[in-house]
Structure formats: structure tokens, C-alpha cells
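Okay, so chain A shows up in both of these, paired with chain B first and chain C after.
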Partner chain A sequence: MKVFPYPRLRGTVSLRVDSARVKAPAQPREQLDSRARSVIERAVALGAAETEDWETAVLTVSATIPSKATDPTGPWSEVVVVAVLTDRTTNTRVTSTLARETEDGRDWCGELQVLRSDIHDRAVLTVQVIATVDGVPGRIVGEAAEDWIVDVRSDVPTREQSFDIKEVGFTKGPRWLQGFSEAPWIVNASGTVPTVHINTDFEGMADVLGAEGRGPEGLVNAMLVSQMAAEVWTAVFHSAIGDLEIEDDGTPLFPHGWQGEVLREMLPDVVPERTLEDALREVHRRRVGATGWTELQPRIQYAAMRRAEVPRVLSETVRGLDKLNREDEA
Partner chain B sequence: MEAGEDFGPWLARQLKLADMTQTELALAVDVTRAAVSAWITGRATPRPEAIERIARALNTDLATVHTRTTDTQAGLPVGWYHRPGHADGGRELGNAAAFAFDADVSVLARETCQNSLDERLTANGQPVRVRYTLHELTGEDLARFREVIQWDDLYPHYEAVREQKQKVGRVVDAGLRDMYERDRLVLLRVDDYNAAGLTGDDYDDGRFAAVVRRQLDSHKSGSTAGGSYGLGKATLWATSRLGLVLINSTLSEPHEGRTERRLVGRLDLPWRRVNGEACAGPAWLGRPDPDSPGAGVARSWWADEETVESLHLTRESAEPGTSFLIVGAHDVASLAEETAVPDGDEGEDDDSIQRMHHRLVRALGKNFWAAMTGGGDRLPLLEASVRTLRNGVVVVPEERVDPTVAQPSRTRALKAFLDGTTVERLTETGQVAAVEVPLSLPVQGGGRTSFGEHRAVLLVTHAEDADGKPNRVVTMRGNRMTVRDTAVPGLPLVVNPFQAVLLAGTAAGPQAPFAAEAEEFLRAAEPPEHNKWGQTEELTLTYSTSAYRRINGLTRETNAAIKTLVARPKKGTKQGGGRLAPKLTIGSGKRRRLSAVSMPVLEELDAQVLEGGAWQVIGEIRIPPGGHEWRLVPVAKFDVRSGPRPTIEWAEVAGVNNCQVVDGVLRFSDGARSAAFRGVTDPTTHAVRASLSGLVVELRTGAGELS
Partner chain C sequence: MTEKPDHLPEYLARLADEEAARFITDGLLSGKDSVPSIALNQATEPLPESPRRRLRAIRDLIDDAMYIHRDERPTQADAWLAPRLHAILRLTRAEAADSALWNYLALGVAPDFVVWRHLSETAKVVNAQYFKGPHYKQAFARLWWSAELFRNGPDYEPVVIACGNQDMLNTGLRLDVVDHRPTAQAMVRLLQRGVIRTGRDANALAKVVNTAAVTVMYDVIAQDVPRDGDAVRMWIDEGEGGLTVHHRPLPTGPAEEPAPESSVELLANNFAELFADAPVRGRRADEEEGG
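And then the complex of A and B:
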């Protein structure tokens, strides 16, 4: 829980991206369709632009802040509202001052320029209210409760992220995969995005993966898919927990990007009945400490299994098999 | 000299009213009958001394004869005429047209505004102005009003109706009790200006007879008219608990040489027997018509300003239009729903005038935002306002209904269309996209052949909170009244919230093909409630039994067009892996909430910076059942934007309530559900001055808790 040595704004600060346009050198700028923005998901997909190799994007950002902020009798003066775009992968922080739109001081609007090269894939956009408090200028007195995502690669404005799936023949594929030519699939969670490599050289693999329906092929497909998913989730959990930033007193911090998201989604199953921060500390302590890491493995397996819905798929498969058998007998 | 009416017709009417022949007047004025005849036909005018004698003969003053703006009081006085019971003994125990509606001010607002729109004077291009006045009378003012409407003559009729155990009887009973027990009467006046007014003869075809004399007569001016059933006016009487409406009309074209202050009252009650005489139902307040059998029938009269004033019917200007005064107005619907209205300075009860005021404003905004929107070179069709008085004193000041407040995004859409600033596809918030939607029109008189293709205009813009539910399409035709308000089916969940408006018929603009024909077709497809387009008897009769399918086609095309504008096309999964891909997503917001955390949590933190620069915090902790066994350590850190946070040491930590501190670890009392501790930081361990940074306090478990 946070406290501040000066009065902060109560009430909600919210923001919205009202338009987006991109520009490539020597080409006319392109205004993106409103479908490249989602007000519900709070995301902008700049990848939806048709202009290839665009270099700069301009977002129109509007913010609504409590009108108390600009109340002259309040504790805040020289109130400024800024849009802040951060990408922690590239350690970029871009800000832009918004202009007051309405008399009551609630609505603010402005443009924010984004360089394509500044952002790896996703940046987070928020709005901060800055004011002079008790004679100290430049204090943050309020921040948007819900941020937006600016995705420079995706063409769908969504907060959801997918791991990569690549279908390749291992025998003639990249060198490092050639060693696994007998494996049907390999999970690699070390890159920017975890990737599942599916071996198309493995006989029948493509057929099983593509199978559907309630026949035997469909049942095998469901089992196989949930098995693969469980492996992926185990791998990404280990990958995410293995590289944490640590504070002075040994407290681990949640990583950003997919690693943080994976930990937040799986930790409640790994260390139940604890807050997320505490669960992370516990897992980290066991991993780097002398004892407890091995004992934790069943819980990680369990969390991955649940995330991959193995129990549900297995009972459905059993029921499906049963039905197939009865149909055979009839 | 200023004179209202030509002398001839005026004199003729006064003779008729006074039941006096030309010969009798000639004798009284001491001229020949031929001279009187010459005055009446306009061949001659009387000399001043003759005028003096005429005034005496008609029992009036000189000025009345000179100005001729009112009728003399000669002859039978203004009074109530009750239609005698039917000779065959038939009884009508209510007005079916009135039962078709709820007695609800929002229905009244819809129907009356629509009538005013239909009667708008279009030649000057100005909007029709409609003003609703709620006026509550109590005490003296109420007594005076009752006197003017000759309440003593009416009361026996109400008594008789009240005795009948019919629906109308109960309503009347409630109205009388409200008036007598609470000493109040609510008058709801509906004025329109820049409208046609009740023109035409008292009995023959025309607006006056359609409204005052007839039921189900739809006397409408144009082809875009809203009503086509003549039902709407029944809401006026349905809104009155006493079935009583008084009317003052300023006519757009003179009748009997006059335009201003044409007055009449109409009472709608069921069959009743009063003083041994059967009454069929309706009654009229007016001047007895000498031409009618026994001079019994009451007709409209031209009243003087004083009478109009006493009846609360004074109009603000000589602009044509009509004022309806609903006596004993009530609002059934508000009894059921409704939240509190913004701080009323007095007690709000169910039928309070403040509540009716707000409901009227809302109903007008909801139904007529489109008619109240102008743009380009076109003014709005309608302006509406509501005000509320009590005994002539303002209770709620006049409030102009603002469509941009009631329906911000739909109003923006329509305005953009009228201004011609629509776009083809949406890129920025605040834009309005316009696309055409085809409506294939059938030929009249049956058959499957198509007459032509009308192009309706579909407008789509982003939704605002004030609009109500998002992702809906509102449909309207030339009169710009909301006919349908439906959700757009089959949209993806993540679509940006929008509002859509479909303008069909003449609403689609002058350049739209077959607009007039489409207007006629859609009007035929509109039921009395004006709430949808579909199969109606009129549609079947004028076109064919399958004509309504063309409206389904329009709906389909509309929904498809909206989808193309707002929904992203579904695309196949670009990556392989079949059904594996959906299992490998993160951040979908479906993250599980922590189930039943048994750990105590920090609930509230009260912190201040002490003089020495140290933070003093008092933390309140909530302990779930069985959670008192946890051993927790409070930890303080400086808040930073990203990266590791600098730790602060405690100078002192102590239990305040339900807990003890042993070696910096909190130990809670058995069974405690809450606890509090106090901590003071050690300023020498501060990385920055306390006043310059935020402070984070957390509870952390001791080592080795997980088994």
C-alpha cells in the first residue's frame, strides 16, 4: 500500500485514444480505421496500418480528470496533464502535454508522437496529472486507473498475447533443431516470445494436429494439444521465474512483458492462499535457497496442467472413448 | 379606427347569438329593415348615432361595436352542453381511443409534440415551438378557477360517474379526492407556436372539428405526418383525471374573419344520468349555437382577453397555434419507476409537479432529439421547453430541451449529416460515418414487382455515456421521430461502442431516390404506437401481404452495413498449430482472482511525515478467519517508477491493537479479525527526504511458511 507526503487526487483519471495515424518517409500519412483501436480492450494496433515501413505514428489522446484538480480553492496549482508512453523493453519513455479542452477542467486532449524504432512490440500508454503542491512543483497527483496498450506489430487491438507456433521440418530446419529430428515438438521459452516448434517431418504429426470432431482422431488431437500446452506452460514458468530483478533486501520484482503475465496467471495455483507478491517471493526463495525447490515442482506441474485444461480434456476423452466403444458394440 | 372584423358579418352573428331578427333590430334602432340588411351585406355602414343605438339594442357597450374583436354578451351565455343520451338507450362507458394509451406524461409528450410537428407552418422554415407548462393551483387560485369553468354545473356529472364502478369512475374518483382532500389541481398546458391552429368550421371537416368534435379523425397536413390514426389527441383527455381539456387557438387562416382567442372546452366522460336526464358522454363548454335544435349545442366562441386570462389560457403572442389546458393532469407511469429528481426543495410525492417536469423533459429529449436538431442551412423542426408553476409562481424555471444533452452521439450523427460533414469510414472519435442502405419499394395494389429502390442513409458514430445503451440503431422517417430503437445483433464483444441512426423516406434528404414513395410505404407500415415498421392492415391493403418483408430486408442491410463499419472481419489463424494456438494466450483478462486468501492483508494506511523527517505509519490489518497464526513482517520502501525500490529501516514498530511485535514480527491475538500496528522509520536510512517520495508499506511472510 502506498502513501504520499502530499495530497493526491481522489476520483478516476481515464484516458482514451481518439485517433491514430502513421507516416513513412516520402509517403502520405495514413489515418487508421477506428477498428484499429479498441475502447473496450484499451488497445491500439498500429500494425493494422497499410503503410509499410512507417517510421512515426501520432496518437490523439484525450483524458478526463476530476474537476477538483483545477479547483482554485484546492491544494493543487499549475495543473498539467501529460500522456506518458513507456516501453520497458527498450527503456523508452515519451511524454506529451495535453491541452485543456473544457472550461470545467475535466477534459484534456493532445497528440503524442511515437517513433517506430523506440518500441519493440508493445508500449503502455497512461495519463498523469502533475501539479504544484505546497510549493513543490512537478508532483504526480493522479494517474489513470487503466492504461492503454500501443502495439506496433499486431493488427488486432487486443490485450491478449499469443505464444508463437512454428511448423518446420526439423531435419532440414535450423541447425539447433536438427538435433531434435525425432521429437514431434520442442518448446523454446528463451526468446522474446516463447515458441513451440512443431516438427512437420514427424510422420502423422500434421494430421493429428489438424484433426477435429468426435472420432478417434479428434480425441487424440485434444489429448495431444493439452499435453503440448502443459509442457509449454511448465517451460514458460521456469523461464519467467529464472530471470527476476531483485531489490536490496532480496525481494523479487514482477518482470514486465509476457514473463510477468505468466507468473501472475500461474502463481495462484503454485502458491495458493497468498498474495501474488508474497507467492513470488516464496517461489524465488525456494529456487535460489538451499531447500524447497524440488518440493515445489509438483505444484508447478499442477499449475501448468490446470492452465492447459488437462483434467477437463482427459475426462472428455474418457467419455468420448466410452461412447465410441458403445457405438462399436451396437 | 382599429376594427377586428367587418361590420356586416359581425352584426349578422350577434343577431343570431341574440336570437334577434333584422326586423326586430330595425325597430329597436329605429331604421328600416332594408337599412339593417344593407349593413349586414356591407352595402352601407351605420352612422355614429345608429351605432350607439345598436349597442344599446345588443345590450353591450359602444367600444365592442366599434372594435368588434369579441362577440357581445347578448344572447345565451357561455356554458356546458352535454350530449343527450342515445335514443336507442345505448351507453358508452369510456373512450376506446383513450384506453389505447397509458395516462403517462411521456406518452402525452410524444403524441402532442408529434401533432404539433405535423401542424407546423412550413412556409417560413421556422421550427414549431412547443411549451409545456405544469401549473399547480391551490387555495384561492383553485377556487377561482373552478368558478370560471362553472364547476358547480359539472360536479353532479362527476358525482354520477364516480358512482359507476368502471375504470373511468375510479380515475375520476381519484381526481376528485386529490382536489378536495389535498386542495390542489394540476393543470398541464401544451402550447404550440408557428403551427396551424384549430382552423375550419365548428362542425364541418377541418382541424377544429377533427380535434374537438370527432374521434379517430386524422386530419393531417402533409404526407410526412406522424399520425395516421387520429388516436394521438385522445392522450390529452386520457392525461386528465377529470376528462377535461380547455382549448384556446390562434388560427393561421381566419375563420369568421377572426384568428385570435378561439375558445372551446371538451369534457370526456362515460354515459351517465344526471337529474333524471341521460347524457351520452362528451360535453362542450362554449356558446350555445342558435342554429342548433333548441339552441342547445355549444360551439367555440371568440373570447375577450379577460376570460382567456381567468381560464389560464393566455398565449404569449399572436403567433398561430393552439393551447390545450389539461385539467387535473396525472402521470400513472411515474408511480411505478423513477428515481429521485435533483434536489427538490420540497417533498416529492408520486404525482408531484417537479417529477412530472423532469419526466417531460426526458421524454421530449428521448423522442424528439432528431426533430430538435438542425444543421447546414436547415433549422430544427421543433423547439420544446418545459416550465412549472404553482399559483402563478415559478417552481422550476423554463427549461429548453437540449438534444445534445439528451442524446449526444445521435444528435452529433444527425447534425453531421445535415451539415454534410460525414465521412465514409471512421478514423477519429467524434466522426460520423454515413453509408447508403437500399430499400426496395413494392408497387401499390399488390403484386411482387418492385417500384424502385430507395436509398436510406445510415449514420454511425461512437457512443457517449449519456445516450443510454450502446450498439443500437434508431430508425426514423421524414417526421424524425424515433420509430424503432433496436440492438444490432451478432456483433463481436469487443466492438467499440457506437450509436447508429437510420434515416429513411424523406429524412434521407432531398437527393435520395424515391424518398416520397418510401415515406408513404413506411408510414403505412407504422402501427398506432409508432414503435416499429412491420405488417399492418394498411400495408396489406395498399400494397400486398408480403410487402412487410421488404422492411426485413432493410433491417438486414442496415445491420450488415453497421457490421462492416464497426466490426473487424474475422480472419483465419495465421499461424499453425490448429487448436493449440487458443490454449497459448496470456493477458486475456481472464486471470483468476485469488481464491480465499487466508493471509491477513493491509487494509488502511495512515501516514504522516514527522518533524525529524521520519515517516510515521499506522497500519490497519484485516485478518481472515484462522489467519491469526500468520507471522508477518511490515516492510517500508520508497516508491519508484521502475526497478528496485530502496528499503527503509524501522526505528520503531509496535502493536496498537490485537497484536504484539516480537523481533519485528507481528503476532496477532487469538481469534482477532482486525489488528493495527504503528511504525516509525529511521530517517538515516532514507535514500531521499521523506517529503520527496511516496512510501510503500507491505506485509511480508517470515521464512518457511509454506509446507
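And then the complex of A and C:
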């Protein structure tokens, strides 16, 4: 836990996006449908806009802070609430000061403008409470416990990013895939979002992937998808661990985006009963150190299998096969 | 020796990370081999053809950078090249976030430059991240982003100053605080005033400014004006229209409003005080040398 040399605000700071609108040059403003936002997922999908080539988006942001922040007898004065939008991939940071809405100082509201050309795909939105403390202006005294995602491409407001699936014939596809012409699929974890390339030259692959239901094809489909997912988790884990940024004192840092999320999810299974930071240091030490990396592999495999729900899918497949057999006998 | 590509297509393309990896060979990293340019160009994905993506202009600029600085240390080329590369490429930030573009520039357009600029004198190899790596490391991405984050509206002069100190460029670019324009300008101002002189000074300054940002929000005490999307778009449209960027004079960036002077001044004074109290490696030795 961080220690601050001044009093911080206790209690919950929360934010929500109340509405979003986009604008393209020489076209009317478009107010986005409420389906473009999700309070549960804490996400806005600006890709849901019908206006093509929109250049600016305006988000209406409201925040709730503990009322003691503005208590005149408290340690804080000149309190402001600021919305902060950041995209690490474009080194962009946009801030907007919200206005006090209610007498008790709990509710704050304002607008924040986002340029389409400033965001690669996802930005993170949070709020911070700023005050003058002990004569020092601009102190950060509180911040939202949970942030929002602003996605400029997606048309569905979800937090979780699933992997991308691309169907392509390997034999005549991109050069690097041509070497894998006999493989039914290949996982690539090097981009911003991991991608499973499905080989459409592999006979019957498209049919199996399109299959649904509890018939034999549907069962094979479920198995295949969970197998691919397990490979995606393993591939992302390895690529993230192999590409860590290391601080001067040797401490590895959590990566941003997908890779960071995957590590945070899997590390508790890979190195149980340790803090995430400790677990990351341990895994990094084993990979670059003299020993222990090989012994860690079953744990990585286990963590990936759990995330991809291989046990559940396999049980369901076995039961499904039983059922099909019984139907055959009857 | 790593030579310039013998085949240069007309326009810039994308070279995805998974394709780029196989061209980064030990022979290339030790500056002995060239990149097989026909094979490389078969592995690319095209981008829309536009005058601002014309490779000839980009390659000419890089050739000029190497020629002008042929008798100096290659690090000296950064301050000259960063603003000019930024002005020739005319990218949005979202476009610049695409690593495939930078992979192509390093491997498909100017691998000889990457070797010339980044071959380590001691180890006799190039760190692979200069070919394919994060924005603060990759040979061309680091120059473009330093120009983007240290320019003050249309004025590239602060970029020249920032890139003149390798540690300001290398350490500064990695910090989130430079995403706030008045902060970036205030750091440059301390270089300009001679408060910050050495690489160690720059590292110490970056450290204290970054630490202070955990408890103080610079955006509130030193406000900036909103981003001006129209100015950037008009500037990019000029590039689309085929505008020529001359090499000798310092070019002009997008006509965005500069960071408010009062904000920059306030932070510069604030940072100078922080720096005065900061531990700098070998500061005493430096002062004795200087005195």
C-alpha cells in the first residue's frame, strides 16, 4: 500500500458515462443509443455509432464522491473532480473538470471530448478528486476504484476482449502461414489482440467450426474451441512473460492491455498463494534464472486449461457422446 | 555490411510483428547482412496510396541525415531527424500506434540507418528492439513520438532541445507524465536554461517529476488547452495533397495552440525546485569538473 504525506479521502469514488454522442464534419450530431453503454461492464462502445468517419465523440461523465470531501471543516479545500481519459498506445491523456451538481457535494457532472484519431482502439476513463491540502494545490486525494473502457472500434460495450478468429487458406495466405499448411490452426500472440488463424485449406474445418447443437459435429466444435482457447492462453502467457519490461532494480512490471490481463488471471494458478507482484517476480526469475522454468510448465498448462474451461467442455462432450450412443442403441 | 534495400516500392506498407521477426537475423543485428528486400516486400500488407506515404521522400531524408552527420556521433542525428521525420510522415496518433508501420520503416526502408545509428560500440551488435520494439525504443517510433510529445503546437524547437539530450529522449519518452504538454515543455525549458545539463541530470529530473505526479495532478495546477483535431487534420491533408517538406529549415508542425505559457512557467519553476533537492548520480563530481 502506498503511504501519502497528506490526508486522503476515505470512501468510494465512482463514475459512470451517462451518454455519448459523435460528430463527423458536415453531418448532424448523433446521440448514441443506450445499448452502446453498459453500466455493468463499465464500457462504452463508440463503434456502435451509425455515423461513419466520425471524428469527435463527447462523453457525459458523472461522478459520486463522499460528501465529507467538501465539508468546510475537513482538511481539503478547493475541491475539484476531474475526468481522465488515457490511451497508452497513443500516449494520449485528456482531462476535463466536472461541475458540482448538488449542494452536498456528492454529485459531479461534465463532458469530455475524445478525438477518434487519438485512440487506437481502447481508452481507459477514470475520475480523480483533487484538492488543496496543507497549502499544497492540486493534491490527488481520491480516485475511482473502478474505471471505464471507451472502445472506439467495438459496437458492443464489453470489457472482456475475446481473441480474434481469422479464416484464411494457409497455402496461399500470408508468407509466414504458408509454412504451416498442414496445421488446422495457428495461434499468434504477437499483436495487440491474440489471433487464431483457421486454415480453410484443411478439409472439413469450416463445417466443424460452423457446427452447433448437441450432435456429433456440435460436440467436436465445442472441444475444438476450448482447445484453441487453451492454446491462446498459453501462447499469450509465454509471450507476455518473454517480453516483460524490467525496472532498474530488477522488478518486472505488469504489461498493459491483453497481456497484463492474462497474467493477472493466470498467475494465481501458476504460483498460488502469493501476491500478483510476487508471483510475477517468481515466474520471471525462473524463466531467466538457472532453474525452475521447466518445472513451471505443468502449472501454466493447468492455468490455461482452467481458463479455457477444458474440464467442463470435456465432461459435457463425454456425456453428450453417451447420450448419442444410447439413442443409437434405442 | 548492411546496405540500403535494393528494392524500394513506391509507398509505405505494413509489416506485421509476426512477419518482421524472421527478418531480424544475427547477421543483420551484427551489421553484416542486408535484408532480402524482395522477400520482405512479399510479406507486407499495403496501406492506402497517398503522397504522404511516398517512400522516396522518406528515404531521401534518412540519407541526408546520415550524410550531414557522417563525421559526428550518430546520436547527434536524432535532434535533426526527429522533427523532419514527423513532418514528412504526417500521421495521426492512432496511425502511429501501429507497430507494423515502424517495422516496415526499420526493415524495409532503412535497415542501414538502424545499424549506423544503433550499433553498440562495445558489443558490436544492434539491440533487436531498435528494429521491432516499443515506441520509446524502436529506431523510428522513438523519433516520431519524441517529436509528437515535445513539439509545442507548430513549434519543433523544443523537440530539437529534448533530443539533444539522449537521456531526456530515452527516459522522458517512457514516462506517462510527458503526455501532459505543459509538463513536457517545462522539462525542455530546464534543459534550455542549463538547469539540466547532463544525462544524469535528465534522469534525476524525470524521476522526481514522475514521483511527484503520484500525489499532484499537473493537469489541474497547470492547465492545457483542449486538443485541436481540426488543426491536425488540416496538416495531414496538406501531406495528402503532396506538400514537399524541405530538409534544411526546421519544418512547421500542426497549427495547434501552444501550451499556455503560464502553465509551462509554473511547472518549470516547480520542477527546478524538485530537482534542486534530488539526488543526482555523481553530481558533486560533475560540479567539480565544471568548476
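By our rule, the second predicted complex is superposed on the first by the 303 of 330 C-alpha atoms of A that agree within 3 Å, B and C clash if a C-alpha of one lies under 4 Å from a C-alpha of the other, contacts with A are read in each partner's own complex, and residues count from 1 in each chain.
Here, a contact is a pair of C-beta atoms (placed from the backbone, for glycine too) under 8 Å apart; a residue touches a chain by one contact, two chains touch by 3 or more.
Computed from a prediction, not measured in an experiment: that's the story for all the values here.
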For this session: After lining both complexes up on chain A, report clash or fit for chain B versus chain C.
Result: fit
Exercise. Once the two structures are placed together by chain A, how many degrees is the angle at chain A between chain B and chain C, based on Cα centres and rounded to a multiple of 10?
Worked result: 130
For this session: Based on the superposed arrangement, let me know which partner A:Val80 touches: chain B (first), chain C (second), both, or neither?
Result: second
Exercise. First (chain B), second (chain C), both or neither: which does A:Glu41 touch?
Worked result: first
Seminar exercise, completed: Larger residue footprint on chain A, choosing between chain B and chain C, goes to B
Problem set entry | First, second, both or neither for A:Thr89, with chain B first and chain C second | second
For this session: Have a look at where A:Val262 lands relative to chain B and chain C in the superposition and call it first, second, both or neither.
Result: first
For this session: Pick one for A:Asp118: touches chain B only (first), chain C only (second), both, or neither.
Result: second
Exercise. Thinking of the overlay built on chain A, is A:Asp164 touched by chain B (first), by chain C (second), by both, or by neither?
Worked result: first
For this session: State whether A:Leu276 touches chain B only (first), chain C only (second), both chains, or neither.
Result: first
For this session: Name the contact category of A:Lys68: first (chain B only), second (chain C only), both, or neither.
Result: neither
Exercise. Where does A:Arg106 make contact in the superposed view: on chain B (first), on chain C (second), on both, or on neither?
Worked result: neither
Exercise. What is the minimum C-alpha distance, in Å, between chain B and chain C after the two complexes are superposed on chain A?
Worked result: 5
Exercise. For chain A, which residues lie in the overlap of the chain B contacts and the chain C contacts?
Worked result: 2, 4-6, 88, 136, 245
Problem set entry | Contact footprint of chain C on chain A as seen in their complex | 2, 4-6, 55-56, 80, 82, 84, 86-95, 97, 113, 115-120, 128, 130, 136-140, 174-176, 188, 190-191, 245
Exercise. Given the complex with chain A, which residues does chain C contribute to the contact?
Worked result: 16-19, 21-22, 39, 42-43, 92-98, 134-135, 145, 148-149, 176, 178-180, 214-221, 226-227, 229, 232-233
Seminar exercise, completed: Counting only contacts in the complex, chain B reaches chain A at residues 425-431, 462, 493-497, 566-568, 575-581, 583-589, 591-592, 594-599, 601-602, 604-605, 607, 609, 615, 617, 619, 635, 637, 639, 642-647, 690-698, 700-701, 703, 705-706
Problem set entry | In the complex, chain A residues that touch chain B | 1-6, 16, 18-19, 21, 31-35, 37-41, 60, 62, 88, 136, 156, 158-167, 194, 196, 198, 209-212, 221-222, 225-226, 228-229, 232, 245-249, 251, 253, 258, 261-262, 264-265, 268, 271-278, 281-282, 285-286, 292, 308-309
